[in-house]
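Next come two complexes, and both contain chain A; in the first it sits with chain B, in the second with chain C.
Entry: the complex of A and B
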């Protein structure tokens, strides 16, 4: 009989503990629900209306907001620019990050921590400052890089980078690469440190070249890490708003209007929040596709590491 | 060449290359600092001097006295400190709950946090704007802080969780046998062991909130309630601002980043790595 009592008490304790655990997690979940999930649901409802803060009678307009946006050629042009911005930035960030990680993980390198610390500083600089520094360095009158390029002989005279569409996009991508490479670097460094040194030792004993052991050891073992954070970086870079907004406000002549800038302008310039909501939902659906890939990649990574 | 000198040569090569590679990484920062600390005449000298020598605090003083950047500096410090503190408390509780307790919703909670972590802010900013105006939280620091917490918390939970998971189960069991309640193991065991993790996520959260531009730019309307990055971007768009003013203001926004880079290197690398790999 006594044993049974203990068992019951154990159950009650377990249950109480479960409730306690639940309550401890609750604040986090509530905030996420209030700030992120609930607004999304609300926006979904709003996207079927012609809601504007100034208009009194809101009516349901069905899919017409979606139709308007999906048939807008500016929207597709912005998607194209975002895709270009993301793919060029990420490709170069990955290549540079990988090379840098190899260098900063080199056994002969002295003061490793110092170099690593210095290499991640760009990531800490606020995006607003990054945008303004790059604009200043490429300023048509006083920009230092303009003068350097003239000195080396690449340019004849200082060039107005920010007033040409293609060159403005180039500066935007350059600034984003400068800012994002440190994150790639830390990711690769963490990945590299997870690879046992024995592998390289064995490869060297077998007479493999550095390039060969990079291709056959480093690369395949880093791949899962790259895949998982690559998808995430893709989503974030695709939706990166601050840099283009502060640097160019989408100009000149819409040449740097990426999808987020387009969405923001469209929703807030005339406060057509019904249409704005529809854009959010469209972007959300795009995100879901990537989220699916992300969770697949993560599963694959977890499997490899366990 | 003897083997020894060849070795030395290689070592020198690697280190030399590392120094060279640091130049493009650090140059923009150097140029910001140098440009912002020049006199009004020398900042517009043509061609610009790579190593100028007449430094002056003219522009830095000017942004404080003429453009009242001190007010925005205060706003940013206050908001970031407050929001970071709240984020850490909520995230620690969540991570502790996930590691120390077993209950039915546990996995669902954790998955939803991971899912939300992927959300770019721009995607939800329009819905948030709608919600905030409905709740009359637009143009308030309260609403802004809630958003900061929501966006910074997921990665914080993940980081703390990974630090908490390194604590051996035996240690917790032993503590419970000694009469410590489950809840008390948080301040007595979990937090002390995970202190480096707490520092790392604290710094990353602070920087994330400090640098955030979109949320404040959208949700705050009154100029005097805005944060530093938003006002600096605003400066850059004004006609009456000189380049020097804008650069001095951009330099002021970078101050915490510089401080952390100088004094909290260790935690920074830890925090970034956790974020990068978990993400």
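Entry: the complex of A and C
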């Protein structure tokens, strides 16, 4: 009898704690709903209308915004540029991040803290500042790069880097690599520090070279971190708006108009919020696929480290 | 009890989060007729001189109305229309906003701006405003008035006399396109980092220059029929004139501008004019401020002439007005505007930044207090040349009246992008014009 009473009391306590627990995380749920779900649902609803703030009549147009966007060559061109911008930036960020992490993790490196602090600096600079710094560095008339290249004889005369579509995209990628590599470096460095030193010790005893150790120990154990960071960074970079906008505003002649910039222009420069919302939803669906890959990779990472 | 208190606390916190921001305090008028409340103003006048003078006007209004507080938020022009549009859509606009060219046409259909005809009548009527500043630039699509002109600025072509002398130019001041090209070409010398012509093709400000050239070649792009329906009005003759204009601009930019011009913003070009790298551009007298800051010893070297004509003369003016969003404290907003337009209250404001701000009211324009406050460099321009330009000018796509997408033409760089593609991708003038027409038609979709 006493046992049953104890059991009932336990259930009642559990229930009470459950209610209290729910109430405690209610504010967080409300915030998530307000700042994530509400705008998402609002954008979804808007994407089915011809909403233009400059026109009084609004009507539901079904999927015609989606059909219009998906048949628009400018949209696919922007998607292509987004993919190029993201994949190029990401690949080089991973390679550089990995190399620098190896270097900063070297047991014989002096002043590690200083170098690690310096390496993270670009990540601490606001994106807008990075954009303006690169824009000025590559200015055709007064940029430091042209000055140096002409000075050492590589160029005969200053080159207009930001005026050509290909060079403008190259500088955009370069700025993104410079800013994003420190994040990858930090993640990889944390991963490297999690690999037990005994493995390397054993490999050394067996006569393994540094390259062999990297291929057989470092890389396989670091792979889950690379995958998780890579997928996460892919999502961020694909969605990156501020750097391209401040550096080039999508120009010259749309040569650097990535999908988020295209969506912004469509929504706010042309005031077609219905179409702009449709682009955002398409972008959301594309990135949802990568988010799914991210969670799979994270699960794999957790499994490995367990 | 503890559980109840905890629950109550959580509900209160949640409610606070939900309703954070609250509602706007509305203006009120007390029994004795005195005003009270907070007036919010969005201003894009970022330069210290005029921003300070606007602050002074606000403090003066506060002193006359002790219950009123005026809060001014200063922001750049870049993206200002988007912000204002977003605030109107969100139902949380300022009480007064400074507005630029095309804003009244773009925003009037949203229903978010107050119709101001009665207010205009209460401050002396529409006839006092110069040229098209009220009838076209402040007008909405229903023929109503959705802004009050604050200041206007004539657009002219600038040059540096000493550069022409140095280049041995004896051709006099250009009156035609070809003469202008020859003058700019004569000065251009990349070895000296000196270029004859500049236009900001990296942002939407290049649109003004392109519109001037199109107008000078007799093209007005859009028109309206008797039923009030707008359409792209480009016949064969217009098409040929547009091709000629883009060919001319291509030649002018290719031969007389820095290679990087396709990425330059308004600020970049103004700096380059200010420091003497670029000799000439089509702009407002505001360029003097850049010269004053970067090359003050040569301020009197900068001179100006009317925008060169081809088929006809081109007149263009910069325009800035005030608008009153309907969701704001409209009573208080109108009282503030009434205060500004009483007597010569605004003359000190115009004098604070004289190169960029000219009074839109003819009476104030001719007033002795305004004329004597002008700097020496502007004396030859004011009043005759400035009045000639201002009384004949219209603005981008507004030659035939208030066009609903006037703001969008500038925002989308519809006129500038094809020229950039000619310069960077090598497309022909015909392809450039086809793109302009396609994009114009896209506005009506």
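Assume the second predicted complex is superposed on the first by the 295 of 306 C-alpha atoms of A that agree within 3 Å, B and C clash if a C-alpha of one lies under 4 Å from a C-alpha of the other, contacts with A are read in each partner's own complex, and residues count from 1 in each chain.
What we mean here is this: contacts are C-beta pairs under 8 Å (C-beta built on N, C-alpha and C of every residue); 3 or more make two chains touch, one makes a residue touch a chain.
On a predicted model such as this, the values are computed, not experimentally measured, just so you know.
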Message: Per the contact definition in the header, classify A:163: touching chain B only (first), chain C only (second), both, or neither.
response: second
Task: Decide which partner touches more residues of chain A, taking chain B and chain C as the two options.
output: B
- prompt: Between chain B (first) and chain C (second), which does A:46 come into contact with in this model arrangement: first, second, both, or neither?
  reply: first
Query: When the two structures are overlaid on chain A, which partner does A:265 contact: first (chain B), second (chain C), both, or neither?
result: second
- prompt: In the superposed arrangement, which partner chain does A:20 touch: chain B (first), chain C (second), both, or neither?
  reply: both
Message: Once chain A of both complexes is superposed, is A:252 in touch with chain B (first), chain C (second), both, or neither?
response: second
Message: For A:122 in the superposed arrangement: first (chain B), second (chain C), both or neither?
response: first
Partner chain in contact with A:303 - chain B first, chain C second, else both or neither: neither
Field: Touched partner set for A:139, first chain B, second chain C, both or neither
entry: both
Message: Per the contact definition in the header, classify A:54: touching chain B only (first), chain C only (second), both, or neither.
response: second
Task: Return the residues of chain A at which the contacts from chain B and from chain C coincide.
output: 20, 24, 27, 31, 34, 53, 139, 141, 249, 268
Query: How about chain A: which of its residues touch chain C in the complex?
result: 16, 20, 23-24, 26-27, 30-31, 34, 53-56, 139-141, 157-165, 168, 248-249, 251-255, 265, 268-271
- request: Show which residues of chain C lie in contact with chain A when the two form their complex.
  value: 3, 6-7, 10, 13-14, 17-18, 82, 85, 88-89, 106-107, 109-112, 190, 193, 201-203, 258-263, 272, 277, 404-405, 408, 411-413, 417-418, 420-421, 423-425, 443
Message: Could you list, by residue number, the parts of chain B that touch chain A in their complex?
response: 10-11, 14-15, 17-18, 21-22, 24-26, 28-29, 31-32, 35, 43-44, 46-48, 50, 90-91, 93-94, 96-98, 100-106, 109, 112-113, 115-116, 118-131, 133-134, 146-147, 149-151, 153-154, 157, 182-183, 207, 210-211, 213-214, 218, 229-230, 232-233, 236-237, 243, 246-247, 250-251, 253-254, 257, 260-261, 265, 268-269, 272-273, 276-277, 279
Statement: Contacts from chain A onto chain B in the complex sit at residues 17-22, 24-25, 27-29, 31-32, 34-40, 42-43, 46, 51, 53, 100, 103-104, 106, 108-110, 113, 115-137, 139, 141-144, 147, 178, 182-184, 186-187, 189-191, 225, 228-229, 232, 235-236, 238-242, 245-246, 249, 260, 263-264, 267-268, 273, 276-277, 279-280, 283-284, 287, 290-291, 294
